[in-house]
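Here's a structure for you.
As written, the chain order gives the labels A, B and C, with residue 1 at the start of each chain.
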Amino acid sequence: MRATCILLCFFMLLLVSSAHPGKKKQYKPCRELVLYFHDIIYNGRNAANATSAIVAAPEGANLTILASQFHFGNIAVFDDPITLDNNLHSPPVGRAQGMYIYDTKNTFTSWLGFSFALNSTDHHGTINFIGADPIMVKTRDISVVGGTGDFFMQRGIATIATDAFEGEVYFRLRVDIKFYECW
Amino acid sequence: MRATCILLCFFMLLLVSSAHPGKKKQYKPCRELVLYFHDIIYNGRNAANATSAIVAAPEGANLTILASQFHFGNIAVFDDPITLDNNLHSPPVGRAQGMYIYDTKNTFTSWLGFSFALNSTDHHGTINFIGADPIMVKTRDISVVGGTGDFFMQRGIATIATDAFEGEVYFRLRVDIKFYECW
Amino acid sequence: MRATCILLCFFMLLLVSSAHPGKKKQYKPCRELVLYFHDIIYNGRNAANATSAIVAAPEGANLTILASQFHFGNIAVFDDPITLDNNLHSPPVGRAQGMYIYDTKNTFTSWLGFSFALNSTDHHGTINFIGADPIMVKTRDISVVGGTGDFFMQRGIATIATDAFEGEVYFRLRVDIKFYECW
């Protein structure tokens, strides 16, 4: 009898400790996804290829060249292709859409608000991100604040790395998305 | 004695399985709310009625007409009345406040960051949204990333439908908010 | 034997009831943090000291004076020092980075999207916020939608109060952050 009770209670303990998917202290992601996206900033001469445009700037700046003081105050709107590898010409699996804001006067940092709209055989749905991006740091963490479709209600952390850039026209970001709250 | 123990353990099981409100696999919302909001874009001639204004645009565009290339790069700031039904003249129950960004060159899509500030006999509090809005699709899902007041800490999914529009000046959105994480 | 079982079951009950940190009905924060940040808007003459700049405005407005109609349509980008007390000259513990949008024609309200990037002996990580800010109300609640580093995955409510302001150039906000979802 005592054995039965202890066994049952032990079983309960197991249940309780497994009751928080992704909420354990060891913080093991319940899902992971690595994707790349490619940003080509409009500079007045690349209308056909550009995937983003500067749409706001502080007094005295124009909209075809990033502002002089570390681009402070520039807002860029983007619609960038997402690929599974680091090749701009790989078949896109979705679009990264939203904005980035350059927000420091004495170094390069930005603030990001954007979504991944994925539409491939593997994934269909959106992932929503916001966060601070200290561009000069090798890897930066932002928040995954929600998702829809295949990513219904999920939350997590996205680790961003600048995978490549060419002058101030092209850059490629590697995004390692770790979901810790899965549904 | 055994019966007592089993009963107690069964009771525990029930407790455990009910421990995740809204986090069950069937994804039944713990709360639902259908609201409408009405957006009248400032076009240089409707200052009195307008509830939103274009405040940013790419090089070469102006701020009283949406940009030519599917409005790509336009940012509009809005403060729109929220109603319980689809009538613009119904008594507002709050305001939808924030911004939308047109973010595609070859179709109409936008990125949304906004809040519902509700203030009626039924609801008092705010609901915060972000997400991608592929405007031409019949219904689009965005994330409810948090709330305050009556919507304290709640998360969910908002399904948006364009309920009506008149040219490029007026549009009305139907928002079906399903909360899956209730507190 | 019965006593043992009841004791064990009682222990289980405790475990179950403690299984949702911050998700109890009494809504006691699992963590709290009070911080101040300081915003100095660029007005064309204070380039050295300014920590924010107007970067977008509706038709007819300029970028060195907030727009006339309750600043409706202005977007300001900021990189503000965060301090532990209300003194602008205290050693900063991090930066508040992001944007605010003035979004009403007949009173002062704004929409906030920003992050705290904390970097001190006590805290290292980011906290991400969005929400509606009815500026003229004494205290306003916005959502903490996620965090990284020391604030990994945390969610909560931030209560904002305008602690001081000088004309339309300087203002100081007191932010009382209550986390209800801790990891």
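Heads up, the rule we're going with is that a residue touches a chain if its C-beta (ideal position, glycine included) is under 8 Å from a C-beta of that chain, and two chains touch if they have at least 3 such contacts.
Chain labels with UniProt names: A, B, C = Dirigent protein.
Note that the structure is predicted; figures quoted are calculated from it, not measured.
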{"item": "Rotational angle, Cα trace of subunit A fitted to subunit B, multiple of 5°", "value": "120"}
{"item": "Same-residue or different-residue interface between subunit B and subunit C, half as cut-off", "value": "different"}
{"item": "Centre-of-Cα separation between subunit C and subunit B, whole angstrom", "value": "21"}
{"item": "Residues of subunit C engaged with two or more neighbouring chains", "value": "1, 5, 9, 12, 16, 19, 55-56, 75, 113, 130, 145"}
{"item": "Subunit B-facing residues of subunit C, complex", "value": "1-2, 5-6, 9, 12-13, 16, 19-20, 23, 25, 27, 55-59, 72-75, 101-105, 109, 111, 113, 130-132, 134, 141-145, 155-157, 180-181"}
{"item": "Interfacial residue positions of subunit C with respect to subunit A in the complex", "value": "1, 4-5, 8-9, 12, 15-16, 19, 42, 44, 53-56, 62-64, 75, 77-79, 95, 97-99, 113-115, 117, 126, 128, 130, 145-149, 152-153, 183"}
